[in-house]
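In what comes next, chain A is part of two complexes: it sits with chain B in the first one and with chain C in the second one.
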Partner chain A sequence: MLLITCPECGARPETEFVCGGETHITRPGPFAEVPADVWAGYLFHQANPRGKLRERWRHQAGCGLWFNLVRDTVTHEITSVYRMGDPKPEIA
Partner chain B sequence: MKRYSAASLFTEGFRGHTGWERAWRHPDPKPAYDVVIVGAGGHGLATAYYLDKEHGITNVAVVEKGWLGGGNTGRNTTVVRSNYLYPESAALYEKALQLYEGLSKDLNYNIMLSQRGMLEVAHSRHELEACAYWANAMRLNGIDSEVLTRDEVIALVPGINAGPGARYPVCGGYIQRRGGIARHDAVAWGYARAADARGVDIIQNCEVTGFRRDGAGTLVGVETTRGFIGAKKVALAVAGHSSVMAERAGFRLPVKSYALQAMVTEPVKPMLDTVVMSLATGVYMSQSDKGELVIGGGLDLYGSYAQRGNFPTIEKVVASAIELIPAIGRLKLMRTWAGIVDVTHDSSPIIDRAPVQGVYVNCGWGTGGFKAIPVGGYTLAHLLARDEPHPLAVPFSLRRFESGRLIDEAAASGIPH
Partner chain C sequence: MARLPQGGRIDRSRPLAFRFDGRTYHGFQGDTLASALLANGVSVVGRSFKHHRPRGVLAAGDDEPNALVQLEPGTPYSEPNVRATRVELYDGLTARSVNAWPSARFDVNAATGLLGRFMPAGFYYKTFMWPDWRRFEPFIRRAAGLGVAEAPFDPEQALKRHAHCDLLVVGAGPAGLAAARAAAAGGGRVILAEVEADLGGSLLSDPHATIEGQPARAWVAETEALLAEAPHVTVLRRTTVTGYYDHNELVAVERLADHLAPAARRGRARQRIWHIRARRVVLGTGAHERPLVFPDNDRPGVLLASAARTYLHRFAVLPGSRAVVATNNDSAYEAACDLHDAGMRIAAIADLRPGGPGEVGASARERGIEVLAGSGVTGVRGRSRVRGVQVSPAGEPEPGRWLEADLLLMSGGWTPAVHLFSQSGGALAYDPALTAFRPDRSAQAETSVGAAAGRFSLAEALADGHAAGGGDPTSAPQAGPAPEPAPIAAAWRTPGAVGKQWVDFQSDATEADVALAAREGFISVEHLKRYTTIGMATDQGKTSNVNALAILGEETGRLPPEVGTTRFRAPYTPITMTTVAAGARGDLFAPRRKTPLDAWHREHGAVMEDFGAWSRPDVYLQPGESHEAAARREHLAVRQGVGLFDSSPIGKIAVSGRDAARFLDFIIANRIANLGVGKARYGLMLTEHGVVFDDGVTFRLGEDSFLLSPSSGAAARVYAWLDEWRQCEFPDWDLRIADLTTAWAAIAVAGPRARDLVRTLPAGFSWEAAGFPHMTLREGAVGGAPLRAFRVSFSGEVQYELQVPASYGLSLWEHLMRAGAAHGVTPVGVEAWLRLRLEKGYIHVGSETDGNTLPDDIGFGPALAAKPGDFVGRLSLLRENALDPDREQLVGLESLDGDKLPVGGCLFRGPAFNPPVEKLGRVTSSAFSPALGHPVALGLLKRGRSRHGEVLNVFSQGWIGRVRVTSPVFYDQKGERLRG
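Right after this comes the complex of A and B.
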């Protein structure tokens, strides 16, 4: 069981949250000018590292807000939690 | 290779079983091969086997970071089936099932295929309609399927929760009678033994750490923990670690790695002689020859390379299993484990040339790679030997993510994730 610290509500069990995958993704545009490979990259080629990953999560059963965290995909250790709009933390 | 037969078993019985050979060698890597396959799971070993059998290419090595068949091939729930919706998937998985049907004989190794039927239970009128739609689509694709009434489902699964108080009433379902289970380890071992007998080197405890190219950018081989191994072509069949290997080779794949858990109960007397899957409760179950109930469900829904899952998913799967067959509620859960599965956005695999020269990929099977092992190997071998995709694999290209021609196969997992 992961214990995730929501920036608004504090530490809660993982069952209250949904994972939204990689964060800090910028939608390319304007749409009509985006080549197919760039669009495919935006839609389908998410980062899938073995190690630290910046993700967005939503506290579905709590405040309902999205936020970001840094999680290790092997150990599940969460090393940083930060709000949407906060600067992107460096990861090793 | 000494053939296994009734006669050899009889002879060895009189000699105290002293004459059996090792099933495969443990060779040191040669300086170079025509093809190096990364990953000695079912798909990688099958690829090596079909490279020689179908295309006469024997100068092949299969390199494996851990031990043979120790990844998802040894971690799945052993179900084989071809109950897919779309013609492209149906053709691919049906070929796999057909190869499975002849595999024990082909490999001279008993994979213990048991075509005990793959039953999908419908718990509402709407699900029953969906089942009929699904079963009819299968028939149009030339695959056996049969819609069942409520009474037929109850007769097939005597312990199913169909009483008046059932939270999920049983309304009927459909069955693919040719579906069933096979001994998962035997599939890896059988392919390994048969490939080894054809001259393929299976090199375990050997991780590929990088790809070496010459000045012109042509692939010349792979760097491994046992030194450099020359290769004209390198095939990746590493399931959940496909993104990691792709990164080392210098490209990205549209896959995401998740932990998929499975579990077994303590062994009991025979009580379930089919594979039962329930969409609404989100669980599926079969009984192994040892008597354990083998139970699977949904993914842990965040990216993972941990090869172990978290408890909330186990709790959900177990709750669903007990909801479906309440009589198992007092059984002890003996083991739980997880494999890392490579999931694509359309739940369909990728069998294609990589965007970099000399590298070929077989990945994206997600939660359903075991049932596809023979066809994954068969089509990847074709791609490696001919440098063009097998007709069955044409729709499963990497290009589909750019063209938008996705094969959005909800039936791929059979479980809504």
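Right after this comes the complex of A and C.
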């Protein structure tokens, strides 16, 4: 079970959180000008890398905060936790 | 006599009686069931899984594959497949062998063993393909099962505990003790978990070892005392660490009362499951001795050499009188010499190495034990007990000589117990010097020490442990001198010998099965495992894994590192579900939500049912009334008089702020921005894929203040959904969102006489239709409590939903029941409430919708297309699939035969059901309509809106009925009643 550091509450077990998937995905718009393939990409095409991934998580059973983190999808190592709106960290 | 008059760690002053397979035996306090059986000369303790061959005790610990028992059969404490080597004996213990009837000695199914050559690897897959595996399955399950789960409900209790520590040490052998001792001196929080009741590990079976110049047992006692005194050290005995998970979380099972008779366990928890988060982990899990693979190596009386040594030193049991020892390494010599000194005759040591042993050989020769270098076992005589052993020169065709013996001790080398290491994600490496896999690269903050790291000498174990515990290398405890070893010889099986050579005892697979699998192309070790089931039994192949993959390598011209090994999985040894649940069962499995009126419902005949997390009245039964009759009575009360429905679980999400209107206009598919203050509007919520995931009414309380009423079951989800958009996408908007669902009680007053009833509430506003029309709301106060009244209708009649703070709910309800007595007011349960909406053709999300349902499918296409702005999921409604004219659409279904239609029934064009049949749709909700006098249903049907009037058939589990497709609105199509 992962140990995740909520920016508000500190290190808590994974069961208190929900994962919202890849973060920094921009919703296409305005809607009247969005080509179908761009919308399809938004819905279905995610990076799904083997390695480091920026994800958003919510401290569901805690303060309710949505925040971002960088997790290695192979080792589950979490190398960075940052708030919504913070600059996107570089990943190797 | 197998029990020696002195020695061992048993308490001879406390004799115990126990029963095995119907016979009474005697043992002592300190025995395991396995040691007591051996002391009583019981050689056959079970039958093998497939072939029903007689099997005896092989090992002395967690690796035991054969001695599985049903403990306390026929009682509520019955437990299947317990390893006899891990059962501490108590007085009155009763056990039965598994997979044998009537007993292990006389097993009716043993005839299967004679057919053994017809049961090769993949036998079931190959044989039972036609016509249908399911026909054979019950027979196979009966014939090839292990123990049975007898008790429907385990009366025993388990506890759960979460713990944090700086260092978790797994295993209290020399390496683990050295680690814990060093770490305790450093002052950190230490947890030491040991599977046995006593600390010491391998030292308990080794009377000769010395540490720091004193007998090792004295060092163990001293360490034990130091740990007991150290303030931040927790020693968990009888505790198995079963799983190693992410971020250094480990799960352990502590057996609190398993060593007590069931009667003595009453009032005590039997086990405790620990979830331990450790900054660092030291794995001192030791190693498992491997069997040698030769013909009939599964006969009772064939034991691992180290196990025999353990039975001697810990339990004072000699498991035979005359032994042959077969080995490919030095470790078996210690067993041979110790057993010789205890009075056993050692007929010979057959050592597969042409060069023979290292320095230990001298101690064997001193005792006059014959050492046959370059020789191996090629045959075993005796069916239920070893009677003779054939020893032949290795690799030579000439038959060897038969030695008389009733015991055969074998050692094929040692496999580090890397299970937890592997679970942690660490990488293994094959070490030819060990002929085994050992830990290579750690993936987590973990260190393997001693035998678990493939470092088998006592000196290495102590040094590893001391260093891993943070000790200064110069102060590591020193082991006494050890003889210089000779290298192990890789020896995986006995080519050219006649007879079955067993690789995996518990899943009953031989080297020939491995060879067959290789010939048939199952050359990946993962395929081998699944095809032959090697390593898939309850022991997870602790004794068989390395032998099996090495033989696969020989068959395919590869070395073990090229073959690789399978990933180990938790749990290390089986855990009971009672322990996993640890109290989270029955009423404590999950929290149950109760409405503020819960007690009233229960006092008034309500049949309470779970709807999601909520416990709600399904119907209120009157004396002598059936469930169906009650539902119809409540239904008619709403249609003809007035009913009260406890709708407290309905979602109540408050959204306010300057941006609330544009936020909801984006979240909700229907238009919200132009909703007037004091008004209500029904709307759908979609996912970005356009799929309907909830519906509900939105109320505008003020210019910047809204209240959403999502479905009861979806309230928490809807709140989370809104909050995700607010936090992640619109952080700069002025928005506040609060889930007030449980803060307010809600009571729906519905029926043609509803107004007569609510008029009795002086709320400060008019209840009359002219001043308070349908789809509007009023705020006021009643009896000093704030009151919100909403005119919405799920029932199809005039309906007022009254909301007051939860603590006022009961008094409001009781007032309405009193005031309504003259009008025949009737409490209404969920069953009737859902039937009322069914007659009106209102969808119920989750019944009329699934993970594919789009707004147009349920009739909302035109409304949404006319909306000016963007909303969640909007562009997905233009996808090709969304515009397919063949999509399923909501329809009403009238039963033409008078039968109630089965929910889930398949709609097709009849009359006969001859597969393959085109499925046109399905029934989604169904009930008898008291208002119409016949059964009605809703369904989803391909091109349903253009099929009104068509007659179709419904199929369900062999039943076929006829339906007419109609509008989904069966009752008051113009909606005049609810506006009244």
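Annotations
Keep in mind that, in the parts below, the second predicted complex is superposed on the first by the 92 of 92 C-alpha atoms of A that agree within 3 Å, B and C clash if a C-alpha of one lies under 4 Å from a C-alpha of the other, contacts with A are read in each partner's own complex, and residues count from 1 in each chain.
Everything that follows uses one rule, which is that a contact is a pair of C-beta atoms (placed from the backbone, for glycine too) under 8 Å apart; a residue touches a chain by one contact, two chains touch by 3 or more.
Note that this is a predicted model, so its numbers are computed, not measured.
By the touch criterion stated above, A:T79 is placed in contact with neither chain B nor chain C. Of the two partner chains, chain C is the only one touched by A:G29; chain B is not. Contacts of A:T5 after superposition on the shared chain: neither chain B nor chain C is touched. When the shared chain is aligned, chain C comes close enough to touch A:Q60, but chain B does not. In the superposition on chain A, A:D37 makes contact with chain B only, not with chain C.
When the shared chain is aligned, chain B comes close enough to touch A:P49, but chain C does not. When the two complexes are laid over each other on chain A, chain A has residues 1-2, 13-14, 18, 36, 39, 43, 75-76 in contact with both chain B and chain C.
If you check the complex, the residues on chain B that touch chain A are 241, 243-244, 247, 252-257, 301-306, 310-312, 344-345, 401-403.
Touching chain B in their complex are the following residues of chain A: 1-2, 13-15, 18-19, 21, 36-37, 39-41, 43-46, 48-50, 53, 55, 71, 73-76.
Chain C meets chain A in the complex at residues 245-249, 275, 277, 425, 443, 688-689, 720, 723-724, 727-729, 731, 870, 874-876, 878-879.
Taken in their complex, chain A has these residues touching chain C: 1-3, 13-14, 18, 20, 23, 27-31, 34, 36, 39, 42-43, 56, 58, 60, 64-66, 75-76, 84-85.
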